[in-house]
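One structure, pasted below without further comment.
Letters A, B and C mark the chains in the order given here, with residues in each chain numbered from 1 onward.
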């Protein structure tokens, strides 16, 4: 049972790192970016190529994956996304679906459609004992790194000047602009960091989640669940939602394998029925 | 007496009002021409019956999405759910009960109606994002169910052994696709007529009001939720009918009836054709299928790359600009064709 | 005899902010009552509470003696409550004919008809025409609402609410934003409302208030500050202090 909880938490925290960019993008730019998973996929594939073809060690790949995905996000945001912020949500949906389709097909063409194999370094394989409970090293690593990231993010948003400007811009874009806050720069930076985090998550999680060209489509719903249930105002909501999602999914697949996937769908529908604005949305 | 004058002016005003409303739902000349062409197609293009059948089915599916997207403003990412329910129900019905196509169509549409009604309450609440999620989630769930229940549905291999009996006992569904094309077209036409009446009725106008300003709609006394549930259910029925047609005319059902790509494709083609005037789906379906046929020769497995590209470009250009340009072109074409040859170059305004 | 509209201890708080503070108000049959107050006094919040657009934190709303506090907007409309919006809330792409037709059909219980085409019911058509001419919209019948001049839009706003045949009508600043040249039409329309409809007028324009109202209620900081006939209120020093102290009224 504890192992399941542990695995669920690892899964959930990974989900958070993957989805947090989407949550902030939605809250900040009011943009529904269904292509968010494509950045995760980019980070994953960058890592696989670097490791398998160039022998770069796993740990070194992680920041590179972050940077690659962040750069990709920055370029796309500056050239394409920023033209669409004022458009209705339908346009966002259509556009980002288009990006996903293109990304999926492009990766399929370049890398082939089979699952990529990521060989974890030996120090991450296997388990070690904590109070008699077998703890997977890889999952412990995930929890540790993601936990660090969560704390860093929270500190960055709560304590730094950038963070307070970000929060102001999320709260009220027009007023923030009026106060002289460089909203466009904040959008670009936030989108880049969010995409970078997704890329990092894709790199870290490739072993756990599997990596193939359909990754963005497979996991789209998971990211959306985290954001819809967790809300877009703050980090706590998505964090808790991601943990819930992780634990529910792992537990569901373990205890009732025939209905594994349904566990999250049912939980999601139930939560959205009861609180359509998400579990943590600010009252309007 | 002022009353007599008032009565007279009110009477004529009422006549004007009545005339305006009546004019809105009278068939336009372009519509009549369109349907004449459509019904001539099976006779004029017998070798393209299979393609025509696919276009008709896709048009019906697109029409069902237009009802909720164009008229009620509900953005659904999982409309394929109802298409898939219709397809699998029709296939299983033919396989295990009877191969009679009309009975299967009715049962399949009924099943889709039930699923539509049951899930309609999920789209009433919450924001656009919640609705996207919920519709996507329902479609994914049904896809998962179809996958797991491989013993019944055939899973990834698809449902085999679907045998459809001849229509009215006489017209067999053969490889030429002639029966299939005529069957699908007829179903499409009947359902289209019903949708047209719906859209021009008080119910249909209230949907537009809900789409434009839900707060005001409620403030007029429109029971917003009831109307949304009703139109969502009707749209599910139509989508289920389209799925049933596909299952019956191809005698096969596979998991891609429920796939995300199917929901995304139909969303794209309704947007290309234009929402909110019922014919957008037809135009989109025609364009989409013809393009797909064209690309099948080039790079079949990367078809969705081009779909994605069109989506991106379409949104960047702006749907309004695209439709505005198309409307202007059509208007110019209409003026050019109605200029009477007898008047030569003299144009009266 | 139950009053057409009554609130008992109505409260609304947004977190720590109290927008409506224990308001008990009674609108008599055939009333011509005005609700005035400085900016930010909570008048529009109050109207939203009455109409059902906002749920109250506490208190009750009674429509003809029936407790409607938990009812949705459209349920209240069907029980005889109508309200106009301070900023026009119309259906941009729909013409006055379609808009009025909607309201009239709903009222007659025909709004859910999915088969008969709109415009085939003679009674509905006649009533659309009657309401349109009553509110001076005869010349604009087929113009989409978004294309109408602002004053005509405002008239349509009032007309469509009137088409629901409310027994209680909440008018939220009907003359707001209307250019000088078109104001008289609004004022005439408001003055010509049927006597049996109880009207609560929220306004800043004192000329309109004093020419229309038989009773004036002053709201300050979400609570009722003063209540009485217009001439008494106009002379009340406390009321003048509130307005003058707050700057422009």
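Simple rule for what comes next: a residue touches a chain if its C-beta (ideal position, glycine included) is under 8 Å from a C-beta of that chain, and two chains touch if they have at least 3 such contacts.
Every value quoted in this text rests on a predicted model; they were computed, and no experiment measured them.
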{"item": "Middle chain, criterion being Cα centroid separation", "value": "B"}
{"item": "Contact-richer chain pair [A-B vs B-C]", "value": "B-C"}
{"item": "Relative to chain B, chain with the most remote C-alpha centre", "value": "C"}
{"item": "Mean-CA-position distance for chain C and chain A (Å)", "value": "48"}
{"item": "Rounded Å distance, chain A centre to chain B centre (Cα mean)", "value": "35"}
{"item": "Between chain B and chain C, centroid-to-centroid distance (C-alpha), Å", "value": "40"}
{"item": "Residue ranges of chain B touching chain C (in the complex, touch as defined)", "value": "9-10, 13-14, 16-18, 20-22, 24-25, 197-198, 200-206, 208-209, 212-213, 215-224, 226-227, 230"}
{"item": "Parts of chain C lying in touch with chain B, wherever the complex brings them together", "value": "51, 53, 72-74, 77-78, 82-83, 85, 89-95, 97-99, 101-103, 105-107, 110-120, 122, 125-126, 128-130, 132-133, 138, 141-142, 160-161, 163-164"}
{"item": "Parts of chain A lying in touch with chain B, wherever the complex brings them together", "value": "26, 32, 80, 83-84, 87, 89-91, 93-95, 97-106, 108-109, 217, 220-221, 224-225, 227-228, 258, 261-262, 265, 268-269, 272-273, 276-278"}
{"item": "Touch list for chain B against partner chain A, complex", "value": "69, 75, 77, 121-122, 125-130, 132-134, 136-138, 140-141, 144-145, 148, 260, 264, 267-268, 271, 301-302, 304-305, 307-312, 314-316, 319"}
